[in-house]
């Protein structure tokens, strides 16, 4: 069986930043969640899901071999097994895809009425629903996220985004008052590995609704659902070349960004890469929207509904293994309730089931890749070295694959790297505050501004704190909620532009 | 045991209903299969307060109920008995006699069940009567009218008095959550009942709709958890009314497991107030053993 | 009229609600179209840019915290003040060589453009804010909020109308800004600072520097505390430089290339305000 990670015995100062820390509730948990009636294995069956041994790019309505013939492997991070070989896109492949998209834009898609465009997008939405279980299983196998999340969140939401934007296609004149809606042309879209199908939906649905054609590059660790979506485009009879999928890694994305005949780049990923893209677009007429990193503050006031706040904290940082750009990775708790809240949180963490992502009871699945796993473990080390106190749930981890225990750090200060930098894993830092001003000061003291949480029973406090928070999303008494009608995107270095909702159309229409 | 000061019940503990419902919905996706399912079905069976609370109840019906309680399903002899039968006070002696020699407890409703609309003295007399008749457990109702007008000391004192009248019998306090409406009220009533000496807190009489719901139960379990952290005392929980299907019963057990843990997964600390649930659990148990879906016509209806 | 020696104005900068000289104490000559000296203008440096950004940042909370109604009144007040000093600006523009007719038209259009944007302050969030019907039990709304500190690079054409057209949409929503005035004729911009100063615009909301663009543009567009850039100089190299500098901290970079600053269709639209606003979406559960 798995080995328990030894907990580091680090003594930490009682006073940080001149503030006396609440006596850290120790690890003696008051409840026994293990000794009786444990859930039997409940593996989702993947029998009926067909994953081909090899996938080409999807260009001009057909799967085609890569020009240079190179392929890459997609690995199941929960087992380390290879799932498939997929094409590694080069600038030649990108060029073919962009040409196909341009041809489709000129010949078919721009001639298609809004009504008919909408009907195609509705078809895509329906077909995602029809193949929902298959897509969920594929997502989990490819990316390591728990099946309950891909089944209950990723795939239904992906379909919902297509449904929502389908209806916009023939109503665009109402989205931009005083202007005539005109599409941009060919959109290059680059998406990350944390929500592969959902991010595809966020990108493709509004682009098509606005009348653009697309070339999309999925992440190199999670290309499979995009390739299944390519099959859906083909089966739905979407005109050839309207959606093109080119797989590959960073260089493939760079080729797409640099292609002269692309009118717009939409990117979701790290701030680091976002800056590179923004720089390489300098001086060009290409439009761009960027959805980048974050270090969300989740502020808990002493008048908050505490039990729901604990759930909110869990959703904020442990959802999708913490691979969430808007994760609430910095917890700020009012001093008076810190001890109580942290105790509750620790008890709650014991009930989180970490394990086989295909098991229907797993709450936390596998870390997406070895590289990400190494990065997270490195941050745990940094945290301990910086003098923070680490606490992990006592769960057992599977022997194979990349897994990480839910982790808390207390005794941290604003200057610590684990407080400043995006870890992108199930790692929460906990700080306390005494006054609302102190909370907002800490919350905004970040290069990022994607999302944040506020927990209090007092309505007027929510509005005040919410308006002072410099972030694109404010979740009050909830966290990590998404909806196709609701715009999403960051302030500061968390990106520019919005995705979702009416505002999500702006990035795909001429201004 | 720590000395516990009685909190100021006029202060409200904030609860967000949407958050509670989301948590319940998520817990409902737990997949209970194979061995864990059999184990849970039997556990649920052992936690039932097999109940009849009708004006037309007769000694004959109560005797039938008791025999079902002792031996729920003869073809599978190693099944557990249910935890208790729950009847009106004037049926306690009948039940007591019928259950003699078994582990099944007799629970009696009291205190002008289901409305509670009478004087304290009458409630005390009724409680003592039921205890005298042999009731091991008393299921009392709180005075919702007084609660809703903010007279919390009245509720506290009434429960404390009934508890005293119970003597050695266990006291379950019915909050009638369907009439309290808000989860904050449920939480407050739970706290009052526990501080006043309840051995169990119970959702409903079964005479008011809605009866037991999972969000209400979760809030009460969380109240029990906080009370335990504060006082070290373990209070039991009984959702009652409206739980008819084995699948729901398992969902309730998941709430208990993931809120309070293994220590509460026992008839001593968790009960279902139900009547038709027993047969659905039995049908599921037989289905698990035979692999064949069952019909209610093969299970005795009492 | 007897011979009387005219008092000439010393043109300074406008930073933080005051009129300091450049910290370099250097000036350069501003000449008219016939290369005749009109005045000396401050030749600002990187340090002046730095000071101006600090002023803009410290004014941001207060200005963005004003009610939209109040910001509208302040913008209207600017128009009133400009109307009152119309003759001064006509004369100043005239001195650079434009006809009196053209100068009058420029000042009048500037006034009207301020009025246009004054009216938007309390409407922009009504027109572009949304209540979003999410599928879960949550109330969800999105409102545009100001981006922060904006660096503005103004063009050399119609030096008053161009800066008014750049400043008004940026500050209408609550942003603060640092403006690099026209290099060839910064004088109307500096004088416009006096109008702002007399118009209830809090110090630091608008900061105006003059000098050589090349000497200031990097400091402004690289500055980590500048959230956005609005460039109106149509120059390929400058554009690329501004874009690249913007990428250092994911700045919102917007270029507006104008051939005719009198064109209301291009220059009077809410989308110019929206370019420097961020949509914030707030969720809250709905339940009892």
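Read from first to last, the chains carry the letters A, B and C; within each, the first residue is number 1.
Criterion: contacts are C-beta pairs under 8 Å (C-beta built on N, C-alpha and C of every residue); 3 or more make two chains touch, one makes a residue touch a chain.
Please read these numbers as outputs of a predicted model, since none were measured by experiment.
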Longest centre-to-centre distance from chain B, chain (CA-based): C
Comparison of B-C and A-B by number of C-beta pairs in contact, larger one: A-B
Euclidean distance of C-alpha centroids - chain A vs chain C, Å: 37
Separation of chain B from chain C, taking each centre as the mean of its C-alpha atoms, in whole Å: 70
Chain centre separation (chain A, chain B; CA means) in Å: 43
Chain B residues counted as touching two or more neighbouring chains: 16, 18-19
Interface hub residues of chain C, defined as touching at least two other chains: 136, 138, 285
Chain A residues counted as touching two or more neighbouring chains: 477-478
Chain A residues touching chain C - in the complex, by the definition given at the top: 160, 177-179, 271, 274-276, 278-279, 281-283, 290, 292, 447, 462, 466-467, 469, 471-478, 481, 483, 485-489, 491-496, 498, 501-503, 511
Residues on chain C engaged by chain A in the complex (per definition of touch): 127-128, 130, 132-136, 138, 140, 142, 145, 147, 227, 236, 239-241, 243-244, 246-250, 252, 269-271, 278-285
Complex contact set, residues of chain A against chain B: 30-42, 148, 152, 303-308, 311-312, 343, 351, 360-361, 457, 477-478
Residue numbers on chain C that touch chain B, as the complex places them: 136-138, 285-288
Of all residues in chain B, those that touch chain A in their complex: 13-16, 18-20, 22-23, 29-37, 39-40, 43, 222, 225, 228-229, 253, 257-258, 260-263, 265
